[in-house]
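Since the structure comes first, as structure tokens, the remarks are kept for the end.
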Amino acid sequence: MSATNTNTDHMRPAENAVTAELSTQEQARLRAPFHRERVFRNFSYFSPLVILLLWEISAQLGAIDRRFFPPPSAIAETFLSMIVSLELFRHIGATLQRVAVGFLMGAIPGLFMGIFLGLFLRPRQIVGPILAALYPVPKIAILPLILLVFGTGDMSKYVIIAIGVFFLMYYNTFGGVRQVPQIYLDVAQSTGANRYQVFTQIALPSALPQIFTGLKLSAGTSFIIIAAAEFLGARSGVGFFIWSSWQTFSVTRMFVGIVTISMLGYLTLTLIDLIERRVVPWARN
Amino acid sequence: MTVTTETSIIVEGLTKAFYEPRTDSETIALKNLSFSVRKGEFVCLVGPSGCGKTTALRVIADLEQPLSGAVQVVGGGRPAVVFQEQSVFPWMSVQDNIAFPLRVRGMWRKERLERTRHLIDLVGLNRFEKSLPHQLSGGMKQRVSVARALAEDADVLLMDEPFGALDEQTRLELQQELLRIWDASGKTVLFITHSVDEALTLADRVLVMSHRPGRILADLQVGFSRPRDVVELRRDERFWDLTYEVWSLLKGSAVGEGEA
Amino acid sequence: QSGPIEFLYSPFTDYAPFFVAQEMGMFERYGVDVSLAPKTGTAETIQLVASGNSEGGAATWGAGLFNSINMGATVTIVATMARMPESGRSPSPFMVSQQAWEDGIRSVEDLRGQRVGIPGPGGFGIYSVALALETGGLTVNDVEAVYLPPPATAAAFLNGSIQAGWSIEPFATRLEEEGLAQRLVEDHAYGVELGFIAFNTEFVEANEDAIVGLLAGYIEASRLLDGGGWDDPEVQGIIGEYTGMEPDLLNNIAYTVRPADGTINLDSVRAQEAFFHSMGALEYEGEIDISQVYRTDLLERANALVDSAQQ
Amino acid sequence: MSATNTNTDHMRPAENAVTAELSTQEQARLRAPFHRERVFRNFSYFSPLVILLLWEISAQLGAIDRRFFPPPSAIAETFLSMIVSLELFRHIGATLQRVAVGFLMGAIPGLFMGIFLGLFLRPRQIVGPILAALYPVPKIAILPLILLVFGTGDMSKYVIIAIGVFFLMYYNTFGGVRQVPQIYLDVAQSTGANRYQVFTQIALPSALPQIFTGLKLSAGTSFIIIAAAEFLGARSGVGFFIWSSWQTFSVTRMFVGIVTISMLGYLTLTLIDLIERRVVPWARN
Amino acid sequence: MTVTTETSIIVEGLTKAFYEPRTDSETIALKNLSFSVRKGEFVCLVGPSGCGKTTALRVIADLEQPLSGAVQVVGGGRPAVVFQEQSVFPWMSVQDNIAFPLRVRGMWRKERLERTRHLIDLVGLNRFEKSLPHQLSGGMKQRVSVARALAEDADVLLMDEPFGALDEQTRLELQQELLRIWDASGKTVLFITHSVDEALTLADRVLVMSHRPGRILADLQVGFSRPRDVVELRRDERFWDLTYEVWSLLKGSAVGEGEA
């Protein structure tokens, strides 16, 4: 019924408690998982090499037909010779430039439309179904129409990418904004935030994790689309390179193109992942 | 006390119900609720869990529309609100959360951080200015919300169990600070609490609500002189009389939701 | 061989004999069970056939075929698929856009430095365009090639992205009807070999009789078509079914043809190989040994079979 | 200092309060917004008709080239005649069957992979980069390989759709699971839930809103992909129909195909929206 | 009281810190914390906001790993936990939330709903069995969490401010119910609260923690006889002595995080 076991040092001055420090071992143990994680993560970026390894082995063992699936070593050889001759760089440059422009042209409107329709009921009810009706329009089927409007030059390629990216960004941003907890919007409203502020201060950051999903999907899809778009009216670009190699049945060269474009896509996805880690530090893990 | 005769908050015949389209059923949260708060007054609202306190506050804050009846906040400006729920933005640091209302007003970052520095002191989060909410304890997050509402410097302060998750010591300190700010600024405060002690310590008037649908059961004047000393207060016979009165009101009314 | 022979085709009128032979029971009559499988290009056909995933197929000549034979694709070529007619309207005219025509481009010579639509870098399209340009003393390098398939060509004619381009029936006729383009050269590709029929080599060796039967059905259908069968509503219905074309479109257009015996004009093939060499599209030097992959005996047996049946 | 204004009826028996009822007007007012909403929503499904209207007007006014954009009225005419002749139904049937099978083949593994990698760190670090490397592989470029492996029949079309759907579902489910509030996982862990239960009881429902975003994206994309897949090596399906119409420059027929496939896609998206409304009732609005 | 001499929870030299890789900084939440709880004992943990109470509870519940030191929950079964944070699953109805632990054990829906019906009564949510959490008030959600933890029927109950958001009446009722269940079942309860009143009403022992990094300042035996009457208790001189003791301990320790 009274103190039986009062800790003797409970009257120590408070400062003492705050200056309490971890032992060196504890310090090390505290940091160890993070260091281990970092090391593991850095290694894990290279896990896709496993695919190449399996492929090489299968090709060497004759499990797959080398005429149609040349082993990565053969692809690498051609790859290197094309690097040396700088031939590949021209194509990479053209593709990257088209992807970058098209990506931005689609992602920015998609982002805004997603936030806008996510926040406001009436626009959502009117514009939402229109977008849902436009989304499944087969892009490859309207390609000639896009060429008609935008010409056979790079603009039509930007537009094709932009269309694909727009919908991915729109739906993901929209979904993210629809999931913004009501309480955050209430806080904003109670402080008198205007629509623009709700847009930028609440909806955007709160939807960021899902926006990043959208960015990753868009980036991957951009490279898929550009490969298809460069089949048309282009004289450069990795997609053109793949297609023309295939037309002339140069299988190894075709694979050089496929691997190149996949690597570009992978690097972009990894970059977005890294950015996400910085920009969304409050997310789990 | 700077209570005047001007009215600051008027709630008149407020009825609020929630409709559930899936089951075509309704929950009546408030039925014909009426009360008013004078300018500069500190009013506490107590009542059983689920009786509609938060709902009333949300209607006053213009976050919900009344089904019938009227609610008016007289005079300029919108009220500042401390929400019952965890409402700290996870993507902003402690200091940015607290300074958020100033950001809404378009103040520069430097200025708004300067202006809110004393609030960080006030809620005892000095070493945590730059921390993100997921690095804080439950009580620390609640303190951020309180500081954020104070940063608004609104004439009317609506607080929904703001000190609920705080230890008594921190709670007492913040109560004293709140009273000091209130006294100095002449703000009107509507304060929801589930602690009769707290209500009697803080309020000019205590409104006791019935269980759902909430109506005002009693409107009790708390006449203790200010500044109030928490310990002194408990020595006062009237404190216990009032406590007893509130408790018996609540007891007569608060039964498990389903037992009625 | 158990089950039907999977035979690859593309949904164009050039492949009509296969549709007709299948639907009018000619394959059946010669004792072969064929299933027609749609595909897209020469490269896929070669890949699927050489790998044994499909037994055979028809495709067009081009750099893809030459390169694949060079790298040892295990296919055996047995007959022609189609060739350009020797005279008259071309099934694949070289066209100039209406706009360019009005701007004064009236001859091949005027196209120097202009943009010309070509379906791709390795096939019949570019060869045909090269032949058309040659009639005006130009080469492909004298114009700016823009790679476009037919549907996109229409749009490109209208918005001025190209001044002239390759086309094919019935697309060409439709372009004229819509006032988008005009025929500029018709006679550039007379007699050019368009495509071939090939089978997986192992399959050929093990199933000669089946292939003879299939070729016999094909020859009979070809003779039916090239002997005026195109106007038969039943035939038109069949072709419409496979190509997605409305039957009335099939009237009044020019078609590719086949010699009555289905043999390949190797000179035309050699000329094409030389052309792709000059374009740098081939991965080897000199000429490939076509005789190594070309067997004529099966076609001879098939012709005999058909001849005896038709007597 | 004492009660001044005690509400006279505070001693009413408690039952009275519970039986408190809304007046008829209040009842009506309470329901009115929901009815209004329902009406508006039902109308809003038809907002895509606005596109057709604008298009018709532009075509009639000659603002757009009718050779490439025939007015919707002309398209509708052809459409009706094809309905009457049953020609369209064969194609629709083939397309729907391919989409349905391909969609399921991609969505189910994508969902599982997303939950799995979302929950578990090590698999995520190893398999995640492999998927990120495979995602941007240009599908159109590896079509020949797919044909080689899966043949020229419908299986290869299923696979093409499945690949596209897989990544959309995987990334969205993954993103959703990564956003599951830690507290829910803690609750599950503290009750001793096993991995399977965490999977089905926590991760799946909590990620549902984002999974639905994935489903909508996948459904839309399935129709886009099938149109492309039927361009190559098919003799039925709406995609084949569009393509063969293009080959013969039958623009009106081609638009019948495009509108048909878009409508199928739109109906599917709308259906998913309706399901979402039922399955995720806790989401905002 | 069924307190035995067996130990149920042992915390021995527990140190727990959080590392922030972005800034390469650490927050030491607990430093060398030691205490133990006997089987069947009801122990309350009080301490200033942010002192590490929740952290300690999470380590005991095996949701976090200690940096050094050891924690052991003796005997079978994992502890049931009521979390401080809002932890009700938004996608499950009230009854499904409460019955969730039984679902985890593979019980059929019918049986588990039957078995948890009395818990719904207990927390007074009878008309809300089928409601979804977003239709509940703050206090009602908290009651769902409490009922869920009770549904587990574990030997050890870890409760982190479970009655924080409840009005006094409901709180008193639930306190009494908890004591009744505890008394009947012989459960071990570790109960975090910020209310000294509550601690003294419920506990056999009160552990008072220092401010961060948390250590045990005092281990106070609460010797009142049971069952305890809330009103009677407050008439007892010893109640006020203990209250005073806890308060002065907290006062000596609890200062705003940053003022130390």
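When the chains are written out, they are named A, B, C, D and E in that same order, and each has its own residue count from 1.
Methods note: contacts are C-beta pairs under 8 Å (C-beta built on N, C-alpha and C of every residue); 3 or more make two chains touch, one makes a residue touch a chain.
Computed from a prediction, not measured in an experiment: that's the story for all the values here.
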Go through the assembly and pull out the chains touching subunit A as well as subunit C. D
Report the inter-centroid distance (CA atoms only) between subunit C and subunit E in whole Å. 82
The distance between the C-alpha centres of subunit D and subunit E, rounded to whole Å, is 44
Rounded to the nearest Å, the gap between Cα centres of subunit B and subunit C is 83
Can you list the residues of subunit C that touch 2 or more other chains? 43, 47, 51, 151, 154-155, 158
Flagged in subunit E as touching 2+ other chains are 85-86, 255
Can you list the residues of subunit D that touch 2 or more other chains? 65, 68, 144, 148, 231, 243, 246, 281
What are all the chain pairs that meet the touch criterion? A-B, A-C, A-D, A-E, B-D, B-E, C-D, D-E
Tell me, which parts of subunit D touch subunit A in their complex? 40-41, 44-48, 50-51, 65, 68-69, 121, 125-130, 132-142, 144-145, 148, 167-168, 171-172, 174-175, 178-182, 209-210, 212-213, 216-217, 219-220, 223-224, 227-228, 231, 239, 242-243, 246, 254, 257-258, 261-266, 268-270, 273, 283-285
In the complex, subunit D touches subunit E at residues 183-184, 186-194, 197, 201-202, 205-206, 208, 280-282
Which residues of subunit D touch subunit B in their complex? 1-7, 9-11, 14-15, 17-18, 20-23, 25-27, 29-31, 34, 281
If you look only at subunit A, which of its residues touch subunit C in the complex? 65, 67-68, 143-145, 147-149, 151-153, 231-235, 240, 243-244, 246-251
Given the complex, residues on subunit E that touch subunit B span 18, 20, 23, 27, 46-50, 53-54, 84-86, 120-121, 123-128, 130, 135-140, 143, 161, 164-171, 173, 194-196, 247, 250-251, 254-259
